[in-house]
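In this document, chain identifiers A, B and C correspond to the written order of the chains, with residue numbering beginning at 1 in each.
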């Protein structure tokens, strides 16, 4: 579904991504592991159209090169950015509304909001509150719900469990599995390697902007590199 | 290039003490005036009139019938530093006469460049009477000076029977500050009293606080005198009348603009000075018609006429001097007497090079300006600058 | 006593105009970090709209409509042809662009229309006074207060009830994420400029109602007032802009009304001195913008 080859991202003189290739098959969960600064977020941002890059990114065989973020989400790729980034002074309702406004209107938009409220019942309780007043976990739910309002086929999740209480982290991973069951393809960036590899079909380990290891979730979980670097007790 | 060579040649011949006998010579007049920026409202129309007169004079053979005028026009962008630079360039090019903007500061700055080079320099419509003394004997005004206007207005107010007058002034410019002060000086000398004094910031536009104060005065003043102009004056007037204050207003030539008559009924009864009023049958009216015929649009301001008069004042001076040589031209200008121009007579003799000239007082009535009197201010009344 | 009340009405009326001006700056700044110093020229364009409308004898309400329309069009044109090509520039580059736009527009007015002021006559009823109890309120200040209130109400409705309005608020908080939602950046920015233009148009009508004329340099003073008001309120904060506008208006009127005569020429120094005190007390303004911007 998504084919990335020889992706390079530079911020000024600093190269954040130095030639990454990866592929995300339809209906799978693919995880990117790596330390801070390994180039994970930059890779997601490049796919979502937020940063300029060289190399090729193809979605369903079509090149996304040079397309702006607004266009890429319309093609079915939705990014939930790191740090949730809900619109704090807007209500939960308005956050959801804006998530879908460019993709649906009228009854269809209402239907999508209702579907997300059904999926995340906590958001129904908080519906008229300002998003900035929500807890971290609630904000994460809202951020994902907002991304889903676009009805994407590929969801890019950037550190969805970061900074959340363990109980909430469980909920997030349950949610990701549930989304996969419903046919969504997911590219996940996650620091919690143990949990991520449990649900991943395939994974890539990134170091300083390059892929140093790849394999199925189970293979990676067994590898010495991952054990030492990310699963160390 | 040709002018430059001519200037060098003329300079060389001047040094050798020779006089030329060429039938037609070029004389370059340099203009360092503000065609853009805050002074363009005055300098643009002045230049339009100036150019028209130059064309006419050249058709007739040039200044004094033999010196064809070549213009070197530089835009100073209402920037004093740019004015100085333009003046330096013009002096270096060897212009014979220089024209400076409609304002004291850039005129003085430019005059200080041309004075040592012995180039007679005239300000378009700078009215501050101290301009000429600040520069020296090559600097000339052309427009009715502030103290002259104020003297004539004070005389008018006293004769009208006004006893107490409220004065509104702004310390932001010499014109808006000193003109009312000159008025106050003369008016008091003639037995009047100043009921109160207000201050405004130029461009502040909100006069509500000031107007509320005037409204609270008891007794109300017989009249309100100010040298405020646009945009302050219309704002003040609207808010004053809006508050129900009915005292008549005495203003200066700064409000001689179509905006004021465009204000409608509230402008009725305003009395103000102007360099000239195009009464039917007057020379000025004929000029306005001619200007309209030539450019397609009637002059928006009397500055067009005062700009037009300057080349003719120069023409009179060159005729008297018999040359365009700096010192000779300076002396001739300084001794001019009763030169007939569009708006009346202009006299430099006996002044400190700010001319004494006819000033008209008009009253606004139903969108028209009705002349009340045209006169030269009594020299005994005119306050020292 | 009634003089004090009268001055309070004056302060509200002036503060309202400043609030509209500051809002116009804040709406754009909150989204693209541009202090648009050409905002004053949008007012000038609106003023010429009124002038042309009066020249062909259109009734006053139409003249107001044309003024607002002209300002909106001018705002959109400057956005499209000056600010959009400079979108990637830093704050300084954008600021300089706005100075350039402002200077170019002024020269176009001076050489294309006239360097002289053009009269904009108001309907004759405007010079009147309405008596409410012992208050004499001029029609123009009353009109200012009413139009300011209506404009603020319309803006609040727009920002809270429409998708575009919500998108603008969201853009002010996190523009990048808004783009991730598929909402076109160019569209939101253009709308912000249009709103800013509309505010400039309304402010221009009120400004011109006071002065009765429009000239090429008319925009200089209001844009400075708007900037000061926006800084007092907290640059980029919309509620702050309104608060800053009223604060500046009230300060100006109070100092003008109650400073002793000898100190009056220094009124602006007192006002700005007080502004400095406010900023020492609250360095980010009265009501700072809620969220630190992300890169």
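Methods note: a contact is a pair of C-beta atoms (placed from the backbone, for glycine too) under 8 Å apart; a residue touches a chain by one contact, two chains touch by 3 or more.
From a predicted model like this one, the values you see are computed outputs, not experimental measurements.
Visitor: Would you say A-C or B-C is joined by more C-beta pairs in contact?
Guide: More C-beta contacts join the chains of B-C.
Visitor: What chain sits nearest the middle when you go by CA atom centres?
Guide: Chain nearest the overall C-alpha centroid, as shown: C.
Visitor: Give, as an integer number of Å, the spacing between the C-alpha centres of chain B and chain A.
Guide: 73
Visitor: Between chain B and chain C, what is the separation of their C-alpha centroids in Å?
Guide: 35
Visitor: Where the CA atoms of chain A average out and where those of chain C average out, how many Å apart are those spots?
Guide: Roughly 42 Å separates the two chain centres.
Visitor: Over in the complex, which chain C residues touch chain A? Could you list them?
Guide: It is residues 163, 166-167, 169-170, 173-174, 176-185, 290-291, 294 of chain C that touch chain A.
Visitor: Which of the residues in chain C come into contact with chain B in the complex?
Guide: 3, 6-7, 10, 13-14, 106-107, 110-111, 114-122, 124, 126-129, 136, 138-141, 207, 209-213, 215-218, 220-221, 252-253, 256-257, 261, 264-265, 267-268
Visitor: Which of the residues in chain A come into contact with chain C in the complex?
Guide: 48, 50, 68-70, 73-74, 78-79, 81, 85, 87-90, 94-95, 97-103, 132, 146-147, 149-150
Visitor: Could you list, by residue number, the parts of chain B that touch chain C in their complex?
Guide: Checking each residue of chain B against chain C gives 36-38, 40-41, 43-45, 171, 197-199, 201, 203-206, 208-210, 212-213, 215-216, 230-232, 234-235, 237-239, 241-244, 257-266, 300-301.
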